[in-house]
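Below, subunit A partners subunit B and then partners subunit C, in two separate complexes.
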Partner chain A sequence: MPPEPPPELYGNLLIRRTWGTSRVRPATFSHWSHRRKYTCRVCHSELGFAFRADATEITEAENKAGKYCGACHNGRTVFGHEEEHCAKCHNGNLGYGKEKFSELIGLPATKSGNRVDWGRALEEKRITPAASLSAEPPSDIAYDKTLTLTAEWAFVPPAIFPHKKHTDWLECGNCHPEIFNVRKKGTKQFEMTRILKGEFCGVCHLSVAFPISDCKRCHPSIKRYQ
Partner chain B sequence: MNRRNIARFLVLLGFVPLPGFAPSIQSGIQVTLEARQAFAQEGWREEFDAVCAKTDIAMTLSRDELTDLIGRCDRLKTRIEAEDESTRKVYLRRLGMCRDLYRFVLESKPPAR
Partner chain C sequence: MKKWLVVALLVSVFANFAHAQTGTKKRRPLPYEYGGVVIKNFSQGAGLAPVQFDHWLHRAKYTCRLCHVDIGFGMKANATGIKAADNMKGYYCGACHNGKMTHGDRKIFAACATKSNGQDMKRCSRCHSKGENVKMDYDFASFTEKFPKERFGNGVDWEKAEERGLIQPVDSIEGISIKRPALGVQKDFAIGTKVETMPEIIFSHKKHTLWNGCELCHPEIFAGIKKGSTKYTMVEIFDGKFCGACHLTVAFPTTDCQRCHSKPVR
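Up next is the complex of A and B:
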């Protein structure tokens, strides 16, 4: 299992695409501070951010034109791209803004990741993130089938995959077909070794969504873990 | 079309300035082009929103509906490819996600009998 950072750093990343070619320090981004206000689909679908850091070519000009970060960081919704604000993002500090982590106290707790059960926080309306930046939010996704996935080892009980828990945050196109290009029933290809390399569930459940070290969240019948 | 109607037509298009208003022919053309570009952009944005709005119900769509949506995505792609670079970057990626999902759902469906 990959080592887990402290709760306030879990899901934080540095966007360092131009680091080395420009004088600008890498931009820090904290998932926990953004997901309280917006669901994943807003950035990873509506705004066009790829799931992998640095895979999206974000430019200052585009931000200033209201694309990518600039869709919100425009000086109206939240601080904009004026010079006095540069260091709020371009500081190269993964832990920047961690003093605000205390704002999460009181949300449903877990033992891993940010120590916050984000799914439950959403269900219980303890957080109400916007699902869209447009005036007409997307409709709820009706497909809510829960899949039972047989594990690759006989001594590991099946994994449960509830679509609803995922479509609360994402839209179908976020996962299908790019991450889960699955047309046949079966789970043979979802090996843990591949998940640990960042494929399938590992795209999110290694660094942003609850980590896979929290075995019971997916394999609820498992007896011994951690 | 007689000469008078041709003149009216040109004035309406903005190619010929009306006496007393004095916008140049060049600016008339510019206004017309900008209006056309704005209209074209509005057109593709509306179509984009309409096409990608169906991803939430993709599983419930018939094979014909999915095929139609894939075709609309392909036509839309050509229009977006004519836009500026940042628009292309954002919207072609989103459009690709929509199209890929429709294709995925279509290919996942059992063949029609």
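Up next is the complex of A and C:
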């Protein structure tokens, strides 16, 4: 299992694509502060952010043109790209803004990740993240099939995959077909070793969505669980 | 016995290959990169950079059908095997890029030449530009600035752009296209899905024939004899077959699920 950072750092990352070639400090980004207000799909689908730090070519010009961070960080929705705000992102400090983490107190709790059950928080409308920035958001696909994924090992009970809990935050195209092709009868290829390497469920469930150390959340009837 | 082993090995190799394609996210192309094709069958042998072909510019000016049916370009990069000699004879790129044809009030520069001087080399690099620092005549951002927006692909709703007259793609060129009376266009229809609660696909022939005519899809991609006679799955589409022949790389990508799966579930 990968070591887990403290709750206020879980899902935080530094964007340091140009670090070393530019003098600008790496930009800090915290998922917990953003996911309270926007669903994953807003940034990872509409705005085109990749699922890996530094994989997106975010530039100052693009931001100023209203792309990427600049879609919201424009001085109207929230602070923009003006000089006085540089250090709010470009500070190289992974824990920047952690004093605001206390605002999450009171949300449904879990034992891992941010210690917040984001799924329940959304269901219970304790948080109301925007699902779209667009004036004409795409219609929902009300696909809520729950899959039972048989485990490779005999003593591991199956994993339960609810589509609905995922489509609450994401859209189909976030996972299909790149992460999960829709081939039937194919759980064999997403064994835990590959998930642990950051593939399949591990694309999100190692660093942003609840971590896989929380076995029971996917394998509900697992017994040996701390 | 040996045959068995070979078959088993091949199966396992292909199975691994199929799996290797999933698991992680790919880089999403930037709007101006989407629909970009690198053609390099013979470029290197001729001492030139590969050709960088961008669909966005050509599709704003010509229909898909014109190049992929009348002129005969394949549907996969490097599948056509375009030679300079053929271009000079007026085939492929040379059908328009002949130094004589015009689009609006612009003369279309000629493609390829046997002899070259300094001026010609500059012309070569207008297409043979992959990896070269070439200033293009058209800039994507300013060219598409006024076009209606979409979420994926080029970030442009090409369909609406045409509806609003912002683009008027040419569908026929003299000496190559032969006008035939149009066939009656079928009404939009729903294509059922195999999975319960998945919205059905609304397929519009009208929207497709506008750019593609009939011949681009029928009978090779879709036999099209009787509705339902060609069976296909999303897996095959994601592998570049059927709808995936266009809707993975050039036409709006399959990640825009709801644009096809649009019939509300009852």
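Going forward, the second predicted complex is superposed on the first by the 223 of 226 C-alpha atoms of A that agree within 3 Å, B and C clash if a C-alpha of one lies under 4 Å from a C-alpha of the other, contacts with A are read in each partner's own complex, and residues count from 1 in each chain.
Throughout what follows, a residue touches a chain if its C-beta (ideal position, glycine included) is under 8 Å from a C-beta of that chain, and two chains touch if they have at least 3 such contacts.
Note that the structure is predicted; figures quoted are calculated from it, not measured.
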Three-chain arrangement built on subunit A, subunit B and subunit C clash or fit: clash
Partner chain(s) touched by A:Phe51 [first = subunit B, second = subunit C, both, neither]: second
Of subunit C and subunit B, partner touching more subunit A residues: C
First (subunit B), second (subunit C), both or neither touched by A:Ile141: both
Which superposed partner A:Glu199 touches (first subunit B, second subunit C, both, neither): second
Which superposed partner A:Glu191 touches (first subunit B, second subunit C, both, neither): neither
Which of subunit B and subunit C A:Glu171 touches, first, second, both or neither: both
Partner chain in contact with A:Glu4 - subunit B first, subunit C second, else both or neither: neither
Contacts of A:Ile179 with subunit B and subunit C, given as first, second, both or neither: second
On subunit A, positions contacted by subunit B and by subunit C: 45-46, 48, 50, 57, 138-143, 171-173, 176-178, 181, 183
Contact set on subunit A toward subunit B in their complex: 45-48, 50, 57, 59, 61-62, 65, 67-68, 138-143, 171-174, 176-178, 181, 183
Complex interface listing, subunit C residues touching subunit A: 18-19, 21-28, 30, 151-152, 195-199, 233-235, 238, 253-259, 261-262, 264-265
Contacting residues of subunit B [partner subunit A, same complex]: 53, 55-60, 86, 89-91, 93-94, 97-98, 100-101, 103-105, 107-108
Residue ranges of subunit A touching subunit C (in the complex, touch as defined): 45-46, 48, 50-52, 55, 57, 134, 138-145, 171-173, 176-183, 189-190, 194, 198-200, 203
